[in-house]
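So, here come the structures, one by one.
Two complexes come next, and they have one chain in common, chain A, joined by chain B in the first and chain C in the second.
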Partner chain A sequence: MKELSLNILDITYNSIKANAEKIEISISESISANLIQIEIKDNGHGMDHELLEKVTDPFVTTRTTRKVGLGIPLFKQSAEDTDGKFSISSKIGEGTAVYASFRLDHLDRAPIGDISSTMVSLIQANDQIHFIYRHSTDSGEFVLDTDDLHAQLGDVPLSEPAVLSWIGEYIKENLEDIQGGKI
Partner chain B sequence: MKSLAELQAIKEKMQNKVNLRASEDDNTVRVVVGMATCGIAAGARPVLNAFLKEIEDRHLGNVICTQTGCIGICQYEPVVEVITPDGTKTTYVKMNEDKVAKVVTEHIVNNKVVQDFTIGAYQK
Partner chain C sequence: MMNVHELAKACGFTYFSGANAEARPVCGAYCCDLLSWVIGRAGDEDALVTVMSNTNVMAVAVMADLPCVILSEGVKPDERALEKAIENDIIVLSSPDPTYATAVKIYEVLKSV
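Then we have the complex of A and B:
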């Protein structure tokens, strides 16, 4: 994947497929700590111990169209390529959390990229899910909680194109404010 | 700086339109974008976002855009299916933002399939 935001998009579709009602996406980027941390946490149906053990193997997948699944292995590799760490924890009936860290100044670290498009794509995929997106940098934090958007919009769905484009701009502006997404 | 309160204005503008959309079922064009790992790695995200932007800019109230997983032809990603009101499905392959603009103008608005971008054209 060319951008970490594409890995985030890909991994979060697993949460959507696991029927999560709430998905928290947290990104922290710190130049002073030379570290990027990404966590995707859901309250979907979770995985049993057996599947959890195998899930970083490319030859394990839940899809039926072919026998390989590369989402999690790619994310793991992109973290480990930068001397970062990767972990995944899950409990049946409770949900799954995927964590990856990256050494910020590592040559092989992909840019975070267009996280605004990632969030717009996810909200468009299922506007009934409660998304909480947190992004922190050395200079501040931005939080987007879709419950706050619903409170303003009432019956108007988040998947309305005009709403989606507003959300995209809103994220971009706020990230610029905390100088996020540029590294 | 944008504030959440701006959504109130969008809400007021939208409410009439949402009702309109619900009553136009027979006329609905569906756009389905493949968003599995294969699609994302090949560039499906900008394709999806380009469709959303075209739908908004052109006020295409009869177009519904949805996402799906792996369609099974990963080598042709990004893959987009357009299903017109008569039920005809057209599969566009190796899509990009420029191609989206053409598919919207020629196929979705003017009902003329862009043959050069279809899977049939690539498999020859």
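Then we have the complex of A and C:
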């Protein structure tokens, strides 16, 4: 995909479809290690060993309407095309974790893209899900935890436009502080 | 309008798979290596011209219902991709030329009929 944030959005929707209540999205970008690492971890219904073995095959999908699914295969390809690694682990009833790494200076590596908009759209459409978004760089780390926001906001839903716009700005400012999301 | 086998013959493309597959019409080419970009953009009468040669290309061909895939620059499909191409009756052709020259050749041939 043109931006890694689009891959993240796509993979996170797998978690949502798996009825996850909690989804952790972690991005680490390190210029010194020449590495970008992305992990999406959920507590959804998980997959059995048989499906897990096949899930990186685009001709296998949990959709019933068509026989191909490309979210995971394209994420894996993006990682491997840039000398990175891809792994997925899952347990029935416990959840799934998808990990991909990318060589930061590889010419075929897509930019991270607009991760702030990605998070805002995920939160907007899935207020009931507990999202924990972590982003780290060589110069720092920040965390956005929707449970903390709920605790502070009381009954105000996160899908309120004013709240969403605050979340978007909060992410942008924090990324700015740690020099993240630009590569 | 030409069908995919007529186009292959006229352009001198060779077959990796699908030599006996359905002769669907081709009216143009779509050139792109970013597979997620192809879905929803390539039309169902477009030959996909790409240097990508993994199994995801075959999945895109199925998903976007493409009449054929043309691998440019003499690129060969990897083993798994070829397996899936055969299994799904996808016409996969080979062109020795780069993507641009391959597309120009297709254009010239389609224009002449």
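Heads up, the rule we're going with is that the second predicted complex is superposed on the first by the 183 of 183 C-alpha atoms of A that agree within 3 Å, B and C clash if a C-alpha of one lies under 4 Å from a C-alpha of the other, contacts with A are read in each partner's own complex, and residues count from 1 in each chain.
FYI, a residue touches a chain if its C-beta (ideal position, glycine included) is under 8 Å from a C-beta of that chain, and two chains touch if they have at least 3 such contacts.
Given the structure is predicted, the values throughout are model-derived calculations rather than measurements.
Novice: Where does A:163 make contact in the superposed view: on chain B (first), on chain C (second), on both, or on neither?
Specialist: A:163: touches chain B, not chain C.
Novice: On chain A, which partner's contacts cover more residues, chain B's or chain C's?
Specialist: B
Novice: Quick check for you: in the superposed arrangement, does A:57 touch first (chain B), second (chain C), both or neither?
Specialist: So A:57 only meets chain C here.
Novice: Based on the superposed arrangement, let me know which partner A:6 touches: chain B (first), chain C (second), both, or neither?
Specialist: So A:6 meets both chain B and chain C here.
Novice: After superposition on the shared chain, which partner residues are touched by A:121: those of chain B (first), chain C (second), both, or neither?
Specialist: After superposition on chain A, A:121 lies in contact with chain B alone.
Novice: Of the two partner chains, chain B (first) and chain C (second), which one does A:70 touch, if any: first, second, both, or neither?
Specialist: It touches chain B and chain C both.
Novice: Mind working out whether A:154 is in touch with chain B, chain C, both or neither, as first, second, both or neither?
Specialist: Touch status of A:154: first partner only.
Novice: Considering only the contact definition stated at the top, list the common interface residues of chain A for chain B and chain C.
Specialist: Common interface on chain A, chain B vs chain C: 1, 6, 66, 70, 74.
Novice: If you look only at chain A, which of its residues touch chain B in the complex?
Specialist: 1, 6, 9-10, 13, 17, 63, 65-66, 69-71, 74, 114, 117-118, 120-121, 124-125, 148-149, 152-157, 160-166, 168-170, 173-174, 177
Novice: Across the complex, what residues on chain A touch chain C?
Specialist: Residues 1-2, 6, 57-59, 66-68, 70, 73-74, 77 of chain A touch chain C in their complex.
Novice: So in the complex, the part of chain C that touches chain A is made up of which residues?
Specialist: Chain C residues touching chain A: 34-37, 39, 54-56, 58-60, 62-63, 84, 88.
Novice: Any idea which chain B residues touch chain A in the complex?
Specialist: It comes out as residues 1-2, 4-8, 10-11, 13-15, 17-18, 35-38, 40-41, 45-46, 48-49, 52-53, 55-56, 65, 67, 69-72, 74.
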